[in-house]
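Scrolling down, you'll hit the structures one after another.
Look for chain A in each of the two complexes below; its partner is chain B in the first and chain C in the second.
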Partner chain A sequence: MPLPPTPTITGTSSARRPALTAGSLTATAMMAPALILIGVFILIPAVVAVIGSFFDFSMTSANWTYVGGDNYRRAVTDPLFWLAISNNVFIVVGSVISQVGGGAILAAILDRGIRRGNVVYRTIIFMPVVISSIAVAFVWMLILDPNVGPLNAVVKALGLPTPRLGWLGDPSISLWMLLLIAAWQNVGFQMMLILAGLQAIPREHYEAASLDGARGLKAFWYITLPGIRNVLVLATLITVIGGFKVFDLVFVTTGGGPANATQVLGTYTYTQAFAFGNMGYANAMAVVLLVTAVLLGWLQVRLSRRA
Partner chain B sequence: MSHLEVRDVVKRYGQLTVLSGVSFAAQRGEFVVMVGPSGCGKSTLLRSIAGLEEISSGSVSIAGHDITAAEPSDRGVAMVFQNYALYPHMTVAQNMGFALKVARRPRSEIDAAVTRAAEILRITDHLGKYPKALSGGQKQRVAIGRAITRAPEVFLFDEPLSNLDAALRSQMRIELSRLHRELGATMLYVTHDQTEAMTMADRIIVMNGGNIEQIGSPLDLYNRPATRFVAGFIGSPRMNFIAARVVRLSGRTVGLSLGEGRPLLDLEFAPGETLPVLGDAVTLGIRPEALGDGGEIHLADAEVAVVEALGRETLVYSDAHTLRTTDSESLDGYFAALVPSQSDKRPGQRVSLRADRSAFVVFAADGATLHDASPVHHE
Partner chain C sequence: MQLRLNGEMRLVAGAILGAALLAVPARAEDIVIKMWTLDNNGYKEFIAEAAESFKATHPNVTIEHQIFPGDPYKTALKVALVGSDGPDVFFNWSGDRAKQLIKDKLALDITDFGNAPGGFAKVLPEGWLDAFRYDGRLYGVAMDAVSKYVFYDKAYFAEHKLEIPKTLGELGALCKAVRGINPDTIPMPLGNKTRWKAIHWMTMLNERAMGVEGTAADYDLSRPADQLYTDPGYAKAFQALVDLQDAGCFEDAPNATEYAIADSMFATKASPMEYCGTWCTSGLDAAGFTDYGFFRLPVMEGGKGSADANFLVPEGYQVSAKTAHPKEAVEWLSFLVSDEQGLKFAEKVQFLPSNAKLIDKAEGVPQSFKDIARDVGTLKQGVNVLDALLESTVADAYMNATVEVLNRTLTPEAAVGKVREAALAAQAKQ
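And now, the complex of A and B:
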């Protein structure tokens, strides 16, 4: 089975805790329900995926053929695997800029620039976060539809050219469109995170800084930025991890197309597993994703501890 | 010329007037304490001088320069905040050197200034630590050190000791006084604690409702309060206030009635003191240390209600139900007396409240002082 990549981070960080409190029977009992759930749905599938990545098997067959590192060697030479990875990297970089950067700008505006209606704007910007990704994908498919979508209508009304193959059908722009949808959905979350960070900086720090001669950009550099450093690290890592594990949005809107232009590791793993029946190969790719996610999770814990 | 001069400063927030035309001046090297209850405008005034609040009208000048419109950092002031306001991501040394770093001073100059300030405050061992590793008292020292490195014309303190526990607070009071003497700097200090004001100030400014009630040396304010407010605010325990009425006037002798069927209290008003009008309601003030079971005037019989042994002396609250107080902050009929701790008073005991004639202060209904007490002489 290709494992659902989403909760691997939670799984690895929670798995450390029992060792710390192993002496306490009560604590272990209290955590048992969570540990059992994590074990059944995350740890066991993860272990099975790692094992499965060294075998060749299909969904329905009972015969597992041991192939050693063949699945990993295959990935290294598979241009589609590398294309998927590069698309993931594109989404990761684009998302950090659009979501963390955009979230920071929105948070700064809400923190300082706006006196009235703060809560209203905050709510509106945050709303997409609570909508399911599938629903978001369908809404945007409608908006971007080349025949009935409002985006085409608006662009045409402005006298500008529209893509001949549609916004999601044109291989040169479809990935950008996915970036836009992801940003629309997630920027509110990053904004809230950063806004909370900004508002946690006491006013006296800015007052002391203004007496010390640090105003405007200097205050931002010496007071604001260090003050929200941890939040920015967290926001960036959440976005990076989200960018690597992206699946549902791509799967619903483009399915990885057109012509693999939006193929990402998640969709390619799915395709190999369920369309081509290459479970072993899919497992190997899932393990690559798992290792990436674990490394990023470890990095986040390390970075936030240092501060 | 005054080192710090505040002229007619008015501060309004919309309809609300927080400072209604405040003026005062401080000499170079003077330790001035602004004291008053919360909401009296003392912090707003301090923040206006720092440039953290824009004033609605008036002017502020330091060392002869009008700084009313200057940026906070260009005013020659440094401020110590109640919550320390240390930058959490900087070490103690970086916190203290920050202003000089922002001003792009050479490294050697910053180090020298930080080292010197750390030596004065005895925090040299902590220079490499982050604020979260420091105790409250150490944090406040660093905050003061941050002000010292800037070598400002005027130090501003905004209730710097109110987050510290009582023992540390009294120690820091002594240190601040020592610091003031060592630096010889002009210091303006805001507090709501009259003890801090009394112990540290060269001069005290008592504020109330956006106005200055009185400016004077600690003992001036204690012995010659200009208003009933000042009399109540300065001195701990608080002055007792007794409702009285002017029922006889003859020459400069004022006969006061303390209630139906009670003997009149005759007080001699000094030349220059304003005489009340016959029939006026006035307030009689008497300090707790002047009230006791000795003294030429018998005020009332009372019953001891609460005894607070303070060690060196004992504070006795007695209930004299025949007397009325005009003090909204104390219980009607409860009067405080500070007596030697050997006196062994117990709740329920009958006592007579007595005082010397010279110990009474008389306030008009509007709060202005009409008649001063002679300073109390302790043996």
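And now, the complex of A and C:
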């Protein structure tokens, strides 16, 4: 019995494709675990969230009701959604100023201003970065407690007034307190990034500029700033993305309160999903957060490449 | 011949096998009942001992007990019940949370198991069975109830000749008297950072203003929309809270104070009073503070509430609709509410058991616990707590409104307006 004709691969397509080498197979095998994890824990949930955002369902209900774009329309008219967004923007802007700005100042001081104990200061400032956000939140809750917290005691000892409703209980200052805690925890990371950038600038550039009469502010403007531009872009984008994704710090310290004053997208999404059982609506908000994070991530990659 | 012999052999073999099967009782299938509860003092020990005792009648049943802190439990339970590895039996509060699980068919109808001989429905009084009864069917077993009282430092009261107040006005005057003794002493710290402490106050203040019957149709959203939460009693209740705050009863920043700090202020005698749950007694004992008394939240002058009504929240267990062993699960729960286990529960956990037949025989519990149990026994009406009773968005609106009333960013009338707005939205969705 004659065998069926063996299919042949035409030359054109195989010529275009790179040959499957042992090296590329190894690379694929090495990446597979990470790709599988990303697929299972990021991509699939993201796709499910996008699909779920077009349905009305609770976490415990078996039935999903298709509602089209209702969940997105609801978000547009929900004042709490906009409050959460504006709080996120406040945290983002405040974090860039306090963390990137503060980190740059600290890095400059450590790079130029301090001759002795440089490593000790650097370690102390960096230390909060390695503590978990939950632990940081609990420590600050105690510090800010209006009855037994040391901050009130210090402020009173200085003869200054303390906030009547407490540092975390007053809607007008609670968000500022969150900003302070976030800055305390993260400024060390930004400082290290920027310090690394500063130290990568060759000293000869400053020496040459000095011979040409460029010192102080001029040297900073024409040498330091261009030299650390890439690092600053990276630090800013990391802070912006972190500001939009913030959850644990807010959840533990204020729970989004008092009376929603510190609600951010992350905590409001959680409340809608797990407290009110509005999973469809929560998914829609999660998609908004996802799109924001993806856009910012894309921007980060683009700017890094350009740099 | 060969065939005939084989047939005989088969008969003999069959007879031997049959005899063997009759002689050796069938080994029952090993069953694991996974149980989830909150992490309360003494709970772990109580369940461990009860599980051992249960083996006497159910040698093949093993109880696998897992404990959780309060807030994470609420979320973890929902996720687990939807998933494939959830608990067989689980703790739950009566009210909206239990109702939601029943509606979503995640909690099992256990009426028939409960009515079987030895079942919990034959043991518990009707009032307790009502805690988990929906549309005439039983969906849970009430294990205990928590109540709330104003606890006070007896020695402080005696030293300063202070008297137990009979009205909310007198309670305010008492707070002023405490501030008069020492302006820095907080008479009764609130600790409302997580919002549930003040909603407990509002639960009772609403009752004191309007009575249980006056609020029931608003709470279950059955009142017509144009009348929903329009009773002026709601604003009056908020105003009563404001009046107590003005009298200096609470700390300056109640919405920024952790409840644990408020508890420790009373336990360390820094404050002479605290409105606290019956669960607080074990904590006070552990802190070495035993010389305390208690009284119900006083009535409101001109209010429609009753001094015979008090905060009473039944809690208990439900059975997962996905359990593979519903019979054994309910038998285990029925065992937990038996006379003997009711007594042990009171001794170990110091919560008020649903089966309190042997409570007077309880050993190793403080006198205050027995006194509270006795007082609860005299209640004519239980008042369920708003954050468990109300639909979740209405409960959330109520908690936020209370926060704002305490912060003075909302007037009592505006606060009721916010609650009404949430209630109308929830009613429209029903």
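The rule we apply is simple: the second predicted complex is superposed on the first by the 284 of 307 C-alpha atoms of A that agree within 3 Å, B and C clash if a C-alpha of one lies under 4 Å from a C-alpha of the other, contacts with A are read in each partner's own complex, and residues count from 1 in each chain.
Here is the rule we go by: a contact is a pair of C-beta atoms (placed from the backbone, for glycine too) under 8 Å apart; a residue touches a chain by one contact, two chains touch by 3 or more.
Note that the structure is a prediction, hence the values are computed from the model and not measured.
Using the superposition on chain A described above, determine whether A:P150 touches chain B (first), chain C (second), both, or neither.
neither
Counting only touches as set out at the top, which of chain B and chain C does A:G117 meet: first, second, both, neither?
neither
Report for A:G69: first if it touches chain B alone, second if chain C alone, otherwise both or neither.
A:G69 contacts neither chain B nor chain C.
By residue count, is chain A touched more by chain B or by chain C?
Counting residues of chain A touched by each partner, the higher count goes to C.
Of the two partner chains, chain B (first) and chain C (second), which one does A:D212 touch, if any: first, second, both, or neither?
Touch partner of A:D212: chain B, not chain C.
Considering only the touch criterion stated at the top, classify A:E204 as touching first (chain B), second (chain C), both, or neither.
first
Contact-wise, after the overlay, does A:A275 reach chain B, chain C, both or neither (first, second, both, neither)?
Once the two structures are laid over each other on A, A:A275 reaches chain C alone.
Spell out the residues on chain C that touch chain A in their complex, using ranges where they run on.
74-75, 78-79, 81-82, 100-101, 104-106, 186, 189, 193-195, 251-258, 261, 265, 392-393, 396, 400-401, 403-404, 407, 409
Mind listing the chain A positions that touch chain C in their complex?
Where chain A meets chain C, its residues are 58-62, 141, 144-148, 163-171, 255, 257-260, 271, 274-277.
List the residues on chain B that touch chain A in their complex, please.
Against chain A, chain B makes touches at 50-52, 71-73, 77-79, 81, 83, 85, 87-89, 98-99, 102-103, 146, 150.
So in the complex, which bits of chain A are touching chain B?
Those residues of chain A that touch chain B are 202, 204-205, 207-215, 218, 222-223, 226-227, 229, 307.
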